[in-house]
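Encoded as structure tokens, here's the structure I'll be asking about.
As written, the chains take the letters A, B and C, and residue 1 is the first residue of each chain.
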Amino acid sequence: MSYTIQEIAEALGAKALGAIDLKIDSVAEPAEATASQLALAMKPEFAAQIAAGQARAAMLWEGADWESLGLEAAILAPRPRFALAGLSAMMDPGQGWATGIHPSAVVDPAAELADDVSVGPLAVICAGARIGAGTVIGPHCFVGADCVIGEGGFLREGVRIGARVRIGARFTAQPGAVIGGDGFSFVTPEVSGVERARETLGDQGDVQKQSYARIHSLGSVTIGDDVEIGVNACVDRGTVRDTRIGNGTKLDNLVQVGHNVVVGNDTLLCGQVGIGGSTVIGNNVVLAGQTGVGDNLFIGDNAITGGGTKVLANIPAGRVMLGYPAMKMESQMEVYKGLRRLKRLFADVAELKKTVSNDAESN
Amino acid sequence: MSYTIQEIAEALGAKALGAIDLKIDSVAEPAEATASQLALAMKPEFAAQIAAGQARAAMLWEGADWESLGLEAAILAPRPRFALAGLSAMMDPGQGWATGIHPSAVVDPAAELADDVSVGPLAVICAGARIGAGTVIGPHCFVGADCVIGEGGFLREGVRIGARVRIGARFTAQPGAVIGGDGFSFVTPEVSGVERARETLGDQGDVQKQSYARIHSLGSVTIGDDVEIGVNACVDRGTVRDTRIGNGTKLDNLVQVGHNVVVGNDTLLCGQVGIGGSTVIGNNVVLAGQTGVGDNLFIGDNAITGGGTKVLANIPAGRVMLGYPAMKMESQMEVYKGLRRLKRLFADVAELKKTVSNDAESN
Amino acid sequence: MSYTIQEIAEALGAKALGAIDLKIDSVAEPAEATASQLALAMKPEFAAQIAAGQARAAMLWEGADWESLGLEAAILAPRPRFALAGLSAMMDPGQGWATGIHPSAVVDPAAELADDVSVGPLAVICAGARIGAGTVIGPHCFVGADCVIGEGGFLREGVRIGARVRIGARFTAQPGAVIGGDGFSFVTPEVSGVERARETLGDQGDVQKQSYARIHSLGSVTIGDDVEIGVNACVDRGTVRDTRIGNGTKLDNLVQVGHNVVVGNDTLLCGQVGIGGSTVIGNNVVLAGQTGVGDNLFIGDNAITGGGTKVLANIPAGRVMLGYPAMKMESQMEVYKGLRRLKRLFADVAELKKTVSNDAESN
């Protein structure tokens, strides 16, 4: 598939300049671009590399002096990273899977598939599942009993959806993602040391040996539209009601969302984030990689955490947090500065003690 | 399936009050309950929501004044969360899988399956595997050569068990769990920088470029009775002897247990916990989410960690730990308080230095 | 398979002593060894356990007085842990899989498999894939379109390789590993709060509600020779160019490598390590378990991190780091010492303030 510079610019709502009939078949970093590729140099610091490659056209930042870079054509975008979203969708070669239902797939006759659903080799679709128009179920995928998956979904290889999970339109799931595992919910016959330590903040009292009884997950998972779930990430079923993920929310690889959790709309959970059971997370939240959030907490809309933040208490809306335990980012930065000067502080205080004690003696 | 209030109460060892012949077909949160559902309001703070729903019966805390809540019947339990374990087992609709051995499964003729074992579509069971009565092997599961799985097990979709793993009775594994991957064990021909840095606590000396040789895992994994393993969690094989998980122990999603680790009985490893190789963890331990434990450490019975704790040294029995590095929870709380006042402390010391220096001059 | 003491010693380049014709069929820890097993007692502290077992021969450290330990034969190695690598390779019983292409596997006729490639039951190999001599594709594995996998590879059950991934020789992948999931790359139409908070280190300014557009991953993944990937670990595709893993590098279980990342040669990423997008990691680096590295960072050759380290800034070559945020290990140790004495420091300063203030008054 190839496109002219003009076609690309029109699709992106960007400006086409120069030889706008030039044909492009794919994109590349500037230094590696061939003559039929569009070089991506979306910040001035990448411009110098254009000369190192063979590109005749490039996507550049707004206001770039493209002719001085030796190009024959250019696409200028006011927010090039946003333009890249549309451009990458046009250029995506995809996974190359065949359409249709592969004969090796095991599709229960009581499943309802819209006419143009594709099912890959060795996938399993259980009775009562309903799958919307245009959705692609990849190789080795599993779709459980009575699941609903909306239209336009794309499940990469080996995705697993447990029974009764309901998912909206345009769902994307990366390989090995699991929706609808059982919640991790166990209870001892008598009050446990953990329950006491939580109340006392550290004292578990007299401990008895106890075994755990399992609380089954009777709820399922409800997922909105335009959600993406990363590689080997998991969202557990709720105990009584469903665990819920809102519209437009994206989970990265190896993310864990516990039972009963509610995640709002347009929220990003980055790689290896973990959310404890029954926690509520608002809209437009961004939790950076390896952030951990305890159970039964609340994180307000537009909150942000930095990488590795451990959240042990509620976070109000709009707050930017960092560290373990999570503090406002500015406060945490102050703490970090203090820690680096801590050794010096001990020395200062020791010195002061000596001086003051000498003063006292000399008085 | 439906039950009377009396049948439920009897099964749970709880008290049935009021219209004990009322039939219940499932459970719900109080505000969402229909007339045929049992509302769960196990703490006084949830009682107010009963009126918002349609429930005619509820499970309540011991001593609750159920009649004043407008209910026709009630179940009272001294520890309602424990009662929920039994109740949820009665009400669990399960995954809806067919019983028997699916024709698409690949079962080696030299595997021994008890008469009532079920094997889902596209599962693989290797030669020499022995699977106990009533165990359900889900779709896409893999059971390796010479594995033993006890009776009453339930393997959700896509669980993988490597060769020679031995597992007790009533094993539960969530989708994508892996038992018996190879240990992460590599060695350089000469002493490495890491080995030196561990000895010196930070100095790796003169570093040479070296490649790694692989130490194969000759051991396997031995797992006791009543163990549950979470979604995409993994337990690696031992190097010479088996990695071991005791009876009644539960691992949550994305937990990693390294080679040679020994975990005791009735221990909980919560979401994304990681245990380094050869570490020994006692009985009735609880490691909260994202806890990390280094290799070759010892964690005593009844120890507890808070979320995100990083354990770099042994933990004695019964200790409640928090933070990075792990400290006793009380000490860590003191540290956190101190950190929040650290900026002030620097200011105080600066002020003191000025005062003392002025005093010295004025003397 | 059994070997004489002499054969083993020759294979390992070690010394055989005593009854060198003694036959050994496997290895064991000293206390559990039977008469036909080689006891492994590679440090003096394990020697005492030899008497508790039945071993007639042992692998011991250089200079060990093997006869006084009651043994008939011994193998002495100058670096016994390195010798164990070779020994364990000889003794590995493997997974016991049949060779050849299982009839239930779905192999596209347009895939090119070298003559002695094995493909396990229910594996899928797509069109255009090329697989080198001697490589074993395990049960339930997926190899995407136009992938290249070199010779001598071993893919355990359920490994998934996305389209166009290129992998060198002697590749090992543990169960559930995923190479070539799509990168986690989303962009808002206007500048987002996260972008502003990163610039200001904490202030996200006026926040507007925005939804995300997806940036597709047009690049793939290139992996060198002698690489191993752990259970359920994942390496994402690059956005424009490939994500790259060098020769001899090993990733442990549940490791996450983001899009565009470059990892050098002979580097170890231990359990649950996470690497943010576009970060560059050098050669001979070791990142201990649960280390997290932010996006767009640089970690120099021979750098080492301790367990749980959170890397928020570049690390120069050769540096040994620990903590959150990462500091030089020595500095972090000083900080930890300071934190434990922090309460005391506050008390000292309070005391000083009182003394100085009294002095001032008495003056």
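List of remarks:
Operating definition for what follows: contacts are C-beta pairs under 8 Å (C-beta built on N, C-alpha and C of every residue); 3 or more make two chains touch, one makes a residue touch a chain.
Not measured: the values here are computed from a predicted model.
Interface chain A/chain C: under half of the residue numbers present appear on both copies, so the contact uses mostly different residues. Rotation angle, chain A onto chain B, C-alpha superposition: 120 degrees, expressed as a multiple of 5.
Mean C-alpha position of chain A lies 23 Å from that of chain C. Multi-chain contact residues of chain A (touching two or more other chains): 122, 140, 158, 176, 232, 254, 272, 290, 324, 339, 345, 349, 352, 356, 359. Here chain A touches chain C in the complex through residues 26-29, 32, 40, 79, 81-82, 84-86, 88-89, 91-97, 102, 104, 120-122, 139-140, 156-158, 172, 174-176, 226, 228, 230-232, 248, 250, 252-254, 265-266, 268, 270-272, 283-284, 286, 288-290, 302, 304, 306-308, 318, 320, 322-324, 328-330, 333, 336, 339-340, 342-343, 345-346, 349, 352-353, 356, 359-360, 363, going by the rule given at the top.
Of all residues in chain B, those touching chain C in their complex are 106, 122, 124, 126-128, 140, 142, 144-146, 158, 160, 162-164, 176, 178, 181-182, 184, 186-191, 193-194, 197, 201-204, 207, 209-218, 232, 234, 236, 239-241, 254, 256, 258, 272, 274, 276, 290, 292, 294-295, 310, 312, 324-325, 327, 331, 334-335, 338-339, 341, 345, 348-349, 352, 355-356, 359, 362.
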